[in-house]
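One chain, chain A, appears in both complexes that follow, with chain B as partner in the first and chain C in the second.
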Partner chain A sequence: MNIVIRELQATRKSLIIWCVGVLFMVFAGMGKYAGMTGTGQTINELMAEMPESLQAIMGSGGFDLTKAIGYYGLLFLYLAMMATIHAVMLGANIVSKEERDKTAEFLLVKPISRGKVITLKLTASLINLVTFNLVTLVSSIVMVQRYAQGEAVSGDIGLLMIGMFFLQLLFLVVGTAIAAIIKRPKRAASISTGVLLLTFILSIAINLNDKLGILKFITPFKYYEAEQILNEGLDPAYLTISIILITVLTAITYQSYKKKDLNI
Partner chain B sequence: MNMFLHELKAYRNSTIIWSLGLIAIVVLFLSLYPSFSRDAEEFMKVLEGFPEELRKAIGLSFETLATLLGFFSYSFLYIKLSGAVQAMNLGLSIISKETRDKTADFLLTKPVTRTQVITSKLFAALTSLVFTNLAFLASVMVMASFVKTEDFSEQALLMVSVTLLFIQLIFLSLGIMIAVLIPRIKSVISISLGTVFTFFILGMISSSTADKGLRYLTPFNYFDNQYIIRTLEYEGEFIFIGISIIFTAVLASYWIYGKKDVHSV
Partner chain C sequence: MSVIEISNLTKLYGNSRGISDVSFNVEEGEIFGFIGPNGAGKSTTIRTLLSLIYPTSGSAKIFGKDVVKYAPEIKRDIGYLPSEVFYYDNMKVIDLLKYSASFYKKDCTRRIKELSEILELDLNRKIEDLSLGNKKKVGIVQGLLHEPKLIILDEPTSGLDPLMQQKFFDLLEKENKKGVTILFSSHILSEVQRLCDRVAIIKEGKIVQVDRISTLKENNYKKFKIETKTEVDFRAFDVAGVNQIEIKANTISFIFRGNINSILKKISEIEIANLWIEEPTLEEIFMHFYKKEE
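What follows is the complex of A and B.
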C-alpha cells in the first residue's frame, strides 16, 4: 500500500498537467465547433461519396460534421493520442525509474516480492489512467451537450471513452513490458514512445490505402476509431484482441521483471 | 574540437536511427501515392454530378490536395512531428545529460569556457540535424521521381521539404534553452513529447479552423505548404519570427549557462 501511495504522490504533478492539457483540448476543440456550424447537408452527401483515402486527407473522416457528436469524433483522435502518450510514458517510467534513479536497491531489499512491486505499481498507474479518463469523460459530456441542441450524447461519449480506456490500458502495459525487458533503463521511455508513434503513423497510412488493411490488427489505433464506434459500436473482435494483448503484455511484464538482472 | 567530436560520436547511433525512421516514413507515405491518385481521379468524376457552387467551394482546395505535392504536404505533417521530437530531444539531452550522468564536473573542470562548451554542443547538434535532413531530402527526391504520375515542380517539393530543417532548428534552440533553465532533467522524452505535441495539437486546431492568431503560436504552422507550392516563396513575416525565436533562445542559453549553478553530484 505504501508503494501505491508513494507512486501516486510521484505521479501527481504530471497527472495534473495532463488533465489540464486534456481539459484545454476538449474546451478549445469544442469551442471551435460553435464557429463552424451550418456547413449544410450537401457537404455531407459529398463526403459520403469520397473514397476513404481522400477523406483522410481532407480530415473529415466519415463524420457528420453538422452534429456536435460528429465533430467530437474528429477530436477524439487527438484525445486518444494524448491519453496513449500519457499511458505509455507512465508505464515505461514507473518501472524503469527505479533503475534510472538508482533507487532499485532501496526498493527491492524491502520485504516484498518483485511481483508485488509490479502489482502495486500497476495499481497506482491504473488509478492515474482512470482519473485521466474520467476527466476527459466529464468535460466531454459537458462541452458536447452544450452544443448538441438537445440530442443525447452521453451514451456515445461513454462508448468512446471505454474505447479510449482500452487504448490506455494497452499502451500502459506496452510501456511496462518494454521497461521490464530492456537492459538499459534510460531507453525504456524512448523505445515505448517510438512504438507508439510507429503504430500511430501506421494507422494513418492504413487510412490512405485499403491494401494495407490487413495491418490494422497491428495498430491499436485502428481498434478504436471514433467513426466505427459512433456508427457501429465497439467491435467484439477488437475487444477480444485487446484483452488478449493486455493479458499477454502484463504477463510478460511480471515474468521479465522477476528475472531481470537489474542495472544498479 | 574534442568536445564537438565526442558529441558527434555520442549521437551517431541516434542520428542514424532517426534518419532511417524519417526515410521509412517518406517511403511508406509516398508509395501510397499511386493508388491515392487513382482514387482522386474517380472522385473527380463523382464531383461532376454535384451543383456547381459546391464544386467551386470544395474543388479548389481539392485540386491542390490531389496532386503529388498536395499529397506530400499532407504526409509532411507527420514528418514534421517526428522531426520536431528528434530536434527537441537532441537539444534537451545534449545539455542536460552532463548533470544527469554526473559528468558535469568532469567537463567543466577542463580548461574550456562554458561558452566553448555550448558552442561545441550546438554545432554537434546542428551537424546531426543537417545530416538527417540531407538523408530526408534525398529520399524524398528519389521516391517522388519513382511514384510521380505526372510532372511536378521539383523546386516546390524541395522548398517544402527544406522547412523541416527550419522547424527542427526552432525546436533544437527551444530544447537547449529549456535544458539550461531547468536545474535537473530526469526524463528528456517526457518534456520533449509534451512540448512538441502541445504545439502540434495547437497547429492542428489552428489549421482546421483557419485561426490567424493561433498561427503565430506554433512553429508547425509557420510554413503554409499550399502557399509555398502556389507562389514558390516563403512568408517573410514567419521566417522573421522563426529566426527571432532561434536567436533569442540561443543567446539566452549562452547567457544563462554562463552563470548557471550546475549540479555536479
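What follows is the complex of A and C.
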C-alpha cells in the first residue's frame, strides 16, 4: 500500500494538469460546436466537399456534424490521443524512474519482491487512468448534453469512454513493458511515445489508403474508432485482441522486470 | 556461522569487466572490510548480494539463504547504505524515513528519533535542499532504522566530516557489540584498518587476498629503512621478498616479507649509519598487492 500512496503523491501534479487539459479540450471543443449550430446542414456539406484525405486526417468520415454527438465523435479522437499519451508516459515513467533517479538502490533493497513493486505501481497507475477517464466522461456528458437538444447521449459517451479506457490500459502496459525491457531507463518515455505516435500515424495512413486495411490489427487506434462505436457499438473481436494484448504486455512487464539487471 | 557466503561469484557486463570468481565468507558478528580501488568490483559484488543485479555464474547466500531466490525475505534484516544517496524529490526527511520504515513490520519511530539525534539530522528539511553530508546522514538513518542484523556499507564515509565520521563509527561499533554483522566497503584503508576484523582485497574484479587485519600486518611484512655511510649498489637488495624498493642518496627503504634473518645478513654485509625496522601500514601492504603485477 505504501508504494501506491507514494506513487499517487508523485503523479498527483501531472494528473491534475492532464485533467485540466482534457477538461479544456472538452469545453473548448464543444464550445466550437455551439458556434456552428446556426449554420445547419452547411457544415456537413462543407465537410463533404473537403478532399477525402483531409477528411481522413481529421477523422471526420461519417459523422453527422449537425448533431452534438456526431461532433463529439470528431472530438473523441483528440481526447483518446491525450488519454493515450498520458497513459504511455505514465507507464514508462512509473517503472523506469526508480532506475533513472537511482532510487532503485533505496526501494529494491527493501523486503519486497520486484513483482509486488510492479503490482503496486500498476495499481497506482490504474487509479490515475480511471480518474482521467471519469473526468473525461463526466465533463463530456455535461457538455454534450447541453447541446444535444434533449437527445440521450450518455449511453453513447459511456461506450466511447469504455473504448478509451481500453486504449489507456493498452498504452499503459506498452509503456511499462518497454520500461521493463530496455537497459537505459532514460529512454523509456521517449521510445514509448514513439511507439504511440507510430501507431497513431499508421491509423491515419490506413484511413488514407484502403490497401493498408490489413494493418488495422496492429494499431489500437483502429480498434476504437468513434464512428464505429457510435454506429455499431464496441467490436467483440477488437475487445478480445485488446484483452490478449494487455495480458501479454503485462506478463512481459513482470517477467522482464524480475529478470532485469538494474541500471544504477 | 557465516552471515554472507559468496562462492565463485561472477558477473560480466558485456565487454566491460565486472567481477570474476569472487569467493569469501563473512562470519556472524564481525566487521568485514572490503577494499579495493574504484572500479575494482566492490559495488558490483554488493549489488549482486542485494540482487539489484544477478550473477552470471556462481552464487551467494545471506543468512544461509540464496540471495536471488529469497531476496525479499533476506532483506528484512539487511540495512544498506549506497555509496551515493539518491532520494525522491519533494519529500521531507521524516517522510522518507517513514516511507522507508513502512516496508518493515515494526515500529521504527523511536529508532528514527534516536539516530537522527545522534547524527544531528533535521527531520523537517526537504531532502533536495540538503548538503551531500546531510543526505548521507539520511542514508545512514534509513539503513539502520529497522535494526538490521546485517549492515552493508558501500563507501559510507564520503561527504561526512571527521567529527561525523567518528560518530558514525561509534554507532557502527555499538551495533556490532549487539551482534550485528557489518560489511564495509571502502577504498580508504585507514578507516578499514581502524574498524574491521578481517578484510578482503579486490583487484580488477578478483579477490587477491582475504585475511585478518592483524595477520595482514604481522604477516612478516616489515618496513626497512637503511641509511648508509657510502653510496650503495641497491642491487645488493634485489632478493626475494623485497618490494617497493626506494633509493634516495644514502637511504634505502623497502617492504620485506620472508625470513627476517636472511635480510639481516644482507644488511650486515654493508656499512650502515642507521636502521629503522617498522610495522608497515595497511596502505603500504595494500600498495604491495597492487604493484606486484605491474
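By our rule, the second predicted complex is superposed on the first by the 243 of 264 C-alpha atoms of A that agree within 3 Å, B and C clash if a C-alpha of one lies under 4 Å from a C-alpha of the other, contacts with A are read in each partner's own complex, and residues count from 1 in each chain.
By our rule, a contact is a pair of C-beta atoms (placed from the backbone, for glycine too) under 8 Å apart; a residue touches a chain by one contact, two chains touch by 3 or more.
Just so it is clear, the structure is predicted and the values come from calculations on it, not from any experiment.
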| item | value |
| --- | --- |
| Chain B versus chain C as contact partner of A:A10, first or second or both or neither | second |
| Which superposed partner A:P111 touches (first chain B, second chain C, both, neither) | second |
| Touched partner set for A:D101, first chain B, second chain C, both or neither | both |
| Touching partner for A:L197 - first (chain B), second (chain C), both, neither | first |
| Partner chain(s) touched by A:T253 [first = chain B, second = chain C, both, neither] | neither |
| Which partner, chain B or chain C, touches more chain A residues | B |
| First, second, both or neither for A:K211, with chain B first and chain C second | first |
| Which superposed partner A:T136 touches (first chain B, second chain C, both, neither) | neither |
| Touching partner for A:T176 - first (chain B), second (chain C), both, neither | neither |
| Intersection of chain A interface sets (partners chain B, chain C) | 101 |
| Chain A partner contacts - residues on chain C that touch it in the complex | 47, 50, 52-54, 71-76, 78, 80, 82, 84, 86-89, 99-100, 102-104, 142 |
| Contacting residues of chain A [partner chain B, same complex] | 14, 17, 21, 25, 28-29, 32, 35-36, 42-43, 46, 49-51, 53-54, 57-59, 74, 78, 81-82, 85, 89, 93, 97, 100-101, 189-190, 193, 197, 201, 204-205, 208-212 |
| Touching residues on chain A, where the partner in the complex is chain C | 2, 6, 10, 101-106, 108-113, 116, 259, 261-262, 264 |
| Residues of chain B touching chain A in the complex | 25, 28-29, 32, 35-36, 39-40, 42-43, 46-47, 50-51, 54, 58, 62, 65-66, 70-71, 74, 78, 82, 85, 89, 186-187, 189-190, 193-194, 197-198, 201, 204-205, 208-209, 211 |
